[in-house]
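What follows is a set of notes on a single structure, which appears directly below.
Chain naming follows the written order as A, B, C, D, E and F, and within any one chain the residues start at number 1.
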Amino acid sequence: MSDAPAISRFPVPAIADLPEDLRGRILEVQDKAGFVPNVFLVLAHRPDEFRAFFAYHDALMLKEGGLSKAEREMIVVATSGANNCLYCVVAHGAILRIYEKHPFIADQIAVNHRKADLTPRRRAMLDFAVKVALRSSEISEADYAGLREHGFTDEDAWDIAAIAAFFAMSNRLANMASMRPNDEFYLMGRVPKR
Amino acid sequence: MSDAPAISRFPVPAIADLPEDLRGRILEVQDKAGFVPNVFLVLAHRPDEFRAFFAYHDALMLKEGGLSKAEREMIVVATSGANNCLYCVVAHGAILRIYEKHPFIADQIAVNHRKADLTPRRRAMLDFAVKVALRSSEISEADYAGLREHGFTDEDAWDIAAIAAFFAMSNRLANMASMRPNDEFYLMGRVPKR
Amino acid sequence: MSDAPAISRFPVPAIADLPEDLRGRILEVQDKAGFVPNVFLVLAHRPDEFRAFFAYHDALMLKEGGLSKAEREMIVVATSGANNCLYCVVAHGAILRIYEKHPFIADQIAVNHRKADLTPRRRAMLDFAVKVALRSSEISEADYAGLREHGFTDEDAWDIAAIAAFFAMSNRLANMASMRPNDEFYLMGRVPKR
Amino acid sequence: MSDAPAISRFPVPAIADLPEDLRGRILEVQDKAGFVPNVFLVLAHRPDEFRAFFAYHDALMLKEGGLSKAEREMIVVATSGANNCLYCVVAHGAILRIYEKHPFIADQIAVNHRKADLTPRRRAMLDFAVKVALRSSEISEADYAGLREHGFTDEDAWDIAAIAAFFAMSNRLANMASMRPNDEFYLMGRVPKR
Amino acid sequence: MSDAPAISRFPVPAIADLPEDLRGRILEVQDKAGFVPNVFLVLAHRPDEFRAFFAYHDALMLKEGGLSKAEREMIVVATSGANNCLYCVVAHGAILRIYEKHPFIADQIAVNHRKADLTPRRRAMLDFAVKVALRSSEISEADYAGLREHGFTDEDAWDIAAIAAFFAMSNRLANMASMRPNDEFYLMGRVPKR
Amino acid sequence: MSDAPAISRFPVPAIADLPEDLRGRILEVQDKAGFVPNVFLVLAHRPDEFRAFFAYHDALMLKEGGLSKAEREMIVVATSGANNCLYCVVAHGAILRIYEKHPFIADQIAVNHRKADLTPRRRAMLDFAVKVALRSSEISEADYAGLREHGFTDEDAWDIAAIAAFFAMSNRLANMASMRPNDEFYLMGRVPKR
């Protein structure tokens, strides 16, 4: 165990030492996923930031709305690829493969969403998301009009941009802390279940 | 009133229609500042995101720690300048002027922190913050070592990076929504009180 | 006085020691403005360059033509922001606020002219100016056609480009010399006169 | 079959119609790998270019020398990630996983080689390779000296640079032709054999 | 002779020591051109790579097709200028001047093809080539459509892209080896023959 | 004559119609050089700007100082190459070849000054000049210290930076006006006189 690579360049608290609410959330995730994604342990170093981070995450990723869960994960993977964030590409790539039931889609989007197996609608969604990630000061009404041509409402546009913005933060935190993806993520959703 | 420029390209709710907790927070800010900073009204369009945003903001900006309040605002202004975010440069520039009691410091840092009236320690702090903002995938142990030479601990480094990361998100939200700074901010802290 | 921050990393001559024509120009400015903008003192280190610089400046900024004085200053502020030039943003921002009688316009344009309170005509003007500042080798006839759609003549286009080009020089000189804006500029035009 | 996604935006010849030497090479690969990597079929559209491409590939990737086969594939994956080339990241990522017997290494290097499970020697190798890929005009003797500190000879440096250069070409060909990776590559080397 | 500047930072073999086929090719070129272009001597350090390089070169540059020989050299010069490759700009600039019988065209294209004496068709060709050189992951069907408007077929597009891709490799090799252009190239095609 | 390519996209006045001082300067140049460099004719469209431009030019390029005339032209060629300015690369390249009596030096510096036949001192000079041209906001005392190691004084540093700054302007004017180099420049200094 002591030889396992560090999951953060900062101290990682023991689950037993965490505040009750963090421990509860982490055990709940562990029950559901079968393991604890490292982002929970790494951010638990700062309990208040942990609480706000996951509250924000849930507000964007679990809410009802015009974007499917797979589409939200596509936004995460595309912008995290653009920001060269290992943790987010690997962890959210796994979730995307499972939601979309497509074993290749995450690798395609992480490397170059323009060459991925996507409808024009979804390509437009990712073009907008990547522009928010990389050149947000140039976003203009023309970008919103482009989304509307593909049936996205203004509320959808907010969702796309807010997810891209939240992971702009998340990517920077992961890069700063050298957050390591769990080994489990790499293979998830790649082998079809029988 | 109807001729006032829009503060967001998205709908802005009336304060009276907001959930109790949002209304409470907004009225509290209004009492203290004498006006409601537009970020509260613009993000109130999405109450759950509002709650998470300000919880995160408070966890980073109001906590105890090795960075002074003025230093935290310096990080906001430097990275928001790098991201060309009008709202954050103007609003947090005002707060910085007040905290630092220096009427020029915000304009200096927003345009080019290398030419600002700063100690070498604070310049190093902003060099790190701007690298997190613009090239986080290149952050390495050498950057942490550089901070230590100026007396910053690893916990300070997390603070600097986390503030830069949070405003990477905030800048993108403001740019996406064309969030308009309140007129009040432009002059705050520029005229010495007698 | 000896504790005042340096206005240049190069020697700054005493006004009394300057050649007659430089001294005359400087005293004239002082009479009019109430203080001597530092660019006059910093460039006086090189009298021949001083003479040419201000001759060029006047040829572009004081001439008759299709651009108003405020519009010329908008070009200065937008391109100086793009070049991260503290002196020019602060000094010409002050002049712009006064000409335009708009206390916010300079900060808006310096941070992101796309979010400023501008007519489409003026936004097109600044799009062209910033392209000259940052990517002049890509200027094509399509850019001139874009200006004509907003009523700009070819002579106006020359004016816009020449001002952007002159301040490309000026920004580099100010950055090289660490030219410091006078304290007076920061507040000018921000407080309405009664 | 007719519904399979195209592997190239250009015509793909039938194997039976190919010149003898191309067909021979392709069948040989098929025997060994169990399938025909699409790059063989896509480039077979131009037999002379096919011959030169694979002769060059073999001269760099199969020769003796100071770099292991896994290290050569690391160079391919790192530079192809930097060039956003889906085919090369996926196909050579598969080969790298097999050579290195490490199921995560390819994803790590493709997203950000600085965060990968690498020795300092291999990180220096990839720093050099990525500089050749992205900023070759800035390569200087200091870069060669940096490699020597990690035990690389000048001949090794040629190998690193030549592989980076060859895949600079290959990435551009794949991007131009929208070359699609075979489905088989995505899973190769991810599941340990029993 | 010993004072002549090195043509490579790597060892350059004597022609007499080369394998028969390399020596033959080199002597053939010498017969035709009157001197041996340094690329032959520099790459002869690696005979297998030499063979593949020139086989590939010939497959692209000597084949029949929709592009004239001068147009192919234009692609080389434009993309080599974009990659800051001294050898390729100087050597292929010379060849271009001769093929096109235009003493200025190479300098024009190397510095900025948008300002060169070119038909719109050739400008579109070079726009595409430079995009392949610098941003190949963004190539889309719209780029092919743009070429078709100027009469280029898909096979022409492959040729343009493949030449740009081959010289992406060649530029990196020359930059890595500090390959020096022969003195003869600088003047070739500049002085009209009588 | 009517078929000659335009030397400017703006009107070019007849010499006879020019103000006396401009006509005098132009005829003087013509006497000396044997032809009128197009920059004189193109800028004569704006006599006041013409006067200031050449006064500035002369103040920087003709003055006494620590830089040789050839070195000043090297700065022009290196920064004009970085700015992709055809007129300045071709015209000042010609002057540089003549001053330096080196037929290759201008092409070398225009494409990549790091690969040019230069002493370390001159390479350091051009590194500084190109940084002023491209990233002047990052100039720091470390850059001045680097110049001092090669024997440059602070006054030399001003000269280098001011020339880079002046041609930052000049390059943008030439690009904006599509200023065409005279045919004569292309060959000047390439053929040794007997």
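One rule holds for everything that comes next: contacts are C-beta pairs under 8 Å (C-beta built on N, C-alpha and C of every residue); 3 or more make two chains touch, one makes a residue touch a chain.
Treat the numbers as computed from the prediction; the structure is a model and nothing was measured.
Touching subunit D and subunit E at once are the following chains: A, F.
In terms of the distance between Cα centroids, subunit A is separated most widely from F. Subunit A and subunit F have Cα centroids lying 51 Å from one another.
A separation of 28 Å divides the Cα centre of subunit A from that of subunit D.
Each chain gets a centre from the mean of its Cα atoms; for subunit D and subunit F, those two points are 44 Å apart. Contacts with at least two other chains are made by residues 84-85, 112, 115, 137, 175 of subunit F. Every pair of chains that touch is listed here: A-B, A-C, A-D, A-E, B-C, B-D, B-F, C-E, C-F, D-E, D-F, E-F.
Of all residues in subunit C, only 112, 114-115 touch subunit A in the complex they form.
Contacts from subunit B toward subunit D in the complex involve residues 137-138, 140.
Within the complex formed with subunit E, the residues of subunit D that make contact are 9-10, 45-46, 48-49, 51-53, 55-56, 58-60, 63, 83-85, 132-133, 136-137, 139, 141, 144, 154, 157-158, 161-162, 164-166, 168-173, 175-177. Those residues of subunit B that touch subunit C in the shared complex are 5, 81, 84-86, 89-90, 103-104, 107-108, 110-112, 115-117, 175, 178, 180-181, 183, 186-187, 190-191.
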